[in-house]
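There are two complexes below, and they share chain A, which is joined by chain B in the first and by chain C in the second.
Entry: the complex of A and B
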């Protein structure tokens, strides 16, 4: 009796499963590094939009630095089962599209008229041999300066420093007032980012030649030396007790006024918003100091790349996901949560859910595009492939943590490392 | 399952039940003893084949990859020793090996010395010996990740020992090794010694206990003091155990990875990088499989430099024992 009813249930299950297979409900498998916090929330919102558009959303985040996610991706590719879509960015899109087949998105992009509303620099990064295989999800301004309102009040400052000289003067005042001027945790990529910011503050043009093109003459030139000198100045403003700690650890003491400044990409805005801190009341936000007149934008953009699959349900899901990712609603929802700015250039950041800091970043981007001063971030693997980035990062992180290396020596080591890695 | 059981019965590992023994001749006729033995051999050979494939096979494969231009995925273009020569010139590899020398030496010397001292103290027929032995051996039961994390809290100047002592009133107290690039490698030594000296103690204690009681008595009759007795007589008598402890600790040192990851993450800067962290970095962060494999092979070679002389020593001393009968 029992056996018979079990059998009946099993048959029913089998029938149910097979009929589900026949219908092949569209679904999408995604991996990304965005597991928690504002980033995780933004991904959930993305998933919600995809579900609403009719595809089942299966997101498997791999938390940590981007490379941790890429190890999972590589294992999946070697196993012959890449996810239908994954986060990937910058030069890695070119490199990885060589090791596994991707999906050509040209028709979908053309149908959505998407190419017209994305900046050409961004479009170039997401195409392989002229074909769209990935889509930009968001843009971050890496060169964002956050200042603690309490620390600023203490030294009687009301506006953010515009140049490195102003910055150094303010930092000096803060140090005298018992405030640690720069909140910095000392993880290798963050050390590298402070170099990014130093050099673009000196000359975005030199940054492009030295870091993006690895031009030896520029690497050994006066602008890079000036950047190393500024970086050495800044390491003096950092707390020597901080090593190997994540920048977000310093958000609460920064807001309390124990630290003065934090330089971090726009994702810090998402974290601050989630922590219920208010711009203007708790902190000030703007571009990091620069001595050039026109706006400079150090770009970090994340993309979504689509991997070839034979499953009809996944193919349908890829189509739906791509359409959602190119849409205005996604652009708004995603960026409002995580503090980035939309990849689409036709979105006004007038909604009250946007922060002033994001509007400022968007204005900086527009100004920098017009002045041709958009550069790609080295620290965030946008300027070079992982191997070259890591070789330069070794030099920069050692420089930040070792005061006995002079700026001249640091510059020489950086140029030598670039030569060896090239 | 039946085959395994049968082979164990055949080898006398599992006592055959009485009833079974009565029926055994018939079973033997059916299977035959040689068949049972062959099954046992087959099982052993399969296990051995898997081990050989995984250990030797992949070692050879990694070595081959180290001579190729592999990056994200294996690529079999032969490039000779390019990765090796390049790696030897990189600063991070030089720093890593200098660190390994400091760390390996400090770890071996201190873990052995503290382990020996603890063993000798426990050997004095102290009360609650079992309890003490368990406590000292306990750190070995922890994962290196746990050790690293706990010590990273203890050594953090803000929240750890320094913060605690300052809180007690000694505001000038300073203990910031963890964030001092010149001293950070010694924090790795400290945490590793804490973890492994109990293990050394256990081996030394077993060694001391295995010595003939007559040795103690003879030494006492000859009027040797405790220090002299241990250092001149008992420790030399268990010399093979001392060598074994040193070799085990050294291979621990060479393959240390998680401890550094959890304790300092290789920092400040690159001050506590070890060869293992470089291998991981090249393989999984930089996507340079060829160069990472070359680093792994060099690491293996440095292990062989230790293991091979030790194996030769073992063989020679075994031969000597046979000769002197």
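Entry: the complex of A and C
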């Protein structure tokens, strides 16, 4: 025991000496929620790229819920030792950039020509007062529809439904054939997500006005009502026994054909892949139904924000990390591992490690950017600040789990909640 | 009306025990699911469901959870984090219990003006939600230069625990007759001598309760553990959370189950052994 601690002291001395010698070596400290599984692997790969580019990678994951990571970030900022970079997304970038100084990345972004290759909505989210202080790492298509091949075979369907009417007709057939049409768990964010998808399927423009801009007229308008009606239709096809459960629990019965459809962000593809289920053979994958002609993309994206530091080694590390994160190699490596798609729209997903579903999502993103139909997901804290999202989520989750609330009543409550929270 | 012994024994075996065993089995069901899942492979769970009997017993989850599973590129399992938690929980439990015992002793047997108010203020800490204390602690740890250290966490748990330990000990000692103290003082015993010779020998039951309470709470604590620690210094609760993946992941129920069982072992042992002393202490330490 004594020997061990002596050894530890010696090692500590040696490390202390060596770090004093090479103080200027670029270094980056990062906190994120991604510690394990495919997400952890993706971060490790990010680290390897940063190391290769010449900066020491010190990743300190704070797993669990976002709240925990934010507590940690706040504690570190109060302690005067903020991480050089931390994972942050959506409107939270604006909010959190107020509590501590961030790093202006404008010159690096301009040098990389990065702004031209990301969607304008994404760019706006990652800027504070017009300056880049954070960078998107990955993008997920929230509006992804997975259909059980076995359930589809049973009702004689071969292609995914394109519109809500087609979807409803197929779900009706499934219900008649003894299949539960919608494999939904019942956690608040997932309930909210089904509303996201209902409304963008009716009108992405109304979604933008009602949810992203909280426009009262739009919130009380016919499109939102139609979305509530579609959502009520779908709740009838969910199993009430599933309340409170995680969506991934229902993957096995979905693949067996006991359920028909799952609507979930693109990360479900990664889960299906790990469970050794095959696209085309076990399931079909594409965009959720929509009545507008051009592609719609409900966006969820994670970013990396850079915090100001006085240490020269960290400043150098931030530059290197930012350059890596904007690069094509990072985009490919990171997204191949975790099933997301690159934030850059100029990357061909031809590698065999990509799934067809990812390629489809990338094509949808490019199409939606061109058609100006990229919207930000409410369910995934992209559209509104946390407090407003929470207020709307409370209404939506109650609506999903309480069949006695009519679509009209649900719409009124949502608009009222938005009024109170605004 | 006393029943005959035979009848009451029949009632015990025929009715009370079956009912109790039934309840015990019911409450243990989730535990059974966890134990069974710890023996099933990832593929088996993903392809069937979380409820099921293992097709073949897999011990791999246990070794993975203990020393193989990777978190942030460190493939150490939960073993080093278990050690961190022990290094944190043991001193914090001992020190907070000792302080609580002395506090209780003073507040109950050496009453002074304002003792009741002081007791109320200390007890107030019991009702403070942990979230409220996050920012004050962040500032305190910064001032003491203890940010992100195990010593910082020990300090938090000692201070935070004093409310509970003082409450427990004070309420226990309040039943010790003042005459005992007076007699000892007449015999020339001082403050600490009375504490050591008279109070401590009377205390095993409450000290065991306090130790169980403190150790379990500190061991299970998560919020401070994840906020005020970093990397390799993490307590085991934070490491367990790293296993419990986010929305984007299918969960590794097998490894999670094994890890949870491993992490629960120390508190379980404390209950098993502490429980024994607890009973012995109750019968032996009664005020005569």
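One rule holds for everything that comes next: the second predicted complex is superposed on the first by the 395 of 422 C-alpha atoms of A that agree within 3 Å, B and C clash if a C-alpha of one lies under 4 Å from a C-alpha of the other, contacts with A are read in each partner's own complex, and residues count from 1 in each chain.
FYI, contacts are C-beta pairs under 8 Å (C-beta built on N, C-alpha and C of every residue); 3 or more make two chains touch, one makes a residue touch a chain.
Everything numeric here is computed off the predicted structure, so don't read it as measured data.
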Taking the superposition as given, does A:59 touch the first partner, chain B, the second, chain C, both, or neither? second
Looking at the overlay, does A:174 come into contact with chain B only (first), chain C only (second), both, or neither? neither
A:241 contacts which: chain B (first), chain C (second), both, neither? first
Just chain B (first), just chain C (second), both, or neither: which does A:191 touch? first
So, A:71: does it touch chain B (first), chain C (second), both, or neither? both
Between chain B and chain C, whom does A:413 touch in the aligned arrangement: first, second, both, or neither? first
Of chain B and chain C, the chain that contacts the larger number of chain A residues: C
Contacts of A:99 with chain B and chain C, given as first, second, both or neither: first
Share the list of chain A residues that count as touching for chain B in one structure and for chain C in the other. 71, 74, 78
Residue numbers on chain C that touch chain A, as the complex places them: 43, 46-50, 69-73, 134-135, 137-139, 141-142, 147-148, 222-223, 226-228, 230-231, 238, 241-252
Seen from chain A, its contact residues with chain C in the complex are 33-40, 43-44, 47, 58-64, 68, 71-72, 74-76, 78-81, 140, 189, 246, 248-249, 251-253, 255, 265, 267, 270-271, 274-276, 338-339
Interfacial residue positions of chain A with respect to chain B in the complex: 65, 67, 70-71, 74, 77-78, 95-96, 98-99, 186-188, 191, 240-244, 385-387, 390-391, 394-395, 397-402, 413, 417, 420
The chain B residues in contact with chain A across the complex are 71-73, 86, 89-92, 156-158, 176, 178-179, 181, 184, 264-271, 281, 284-288
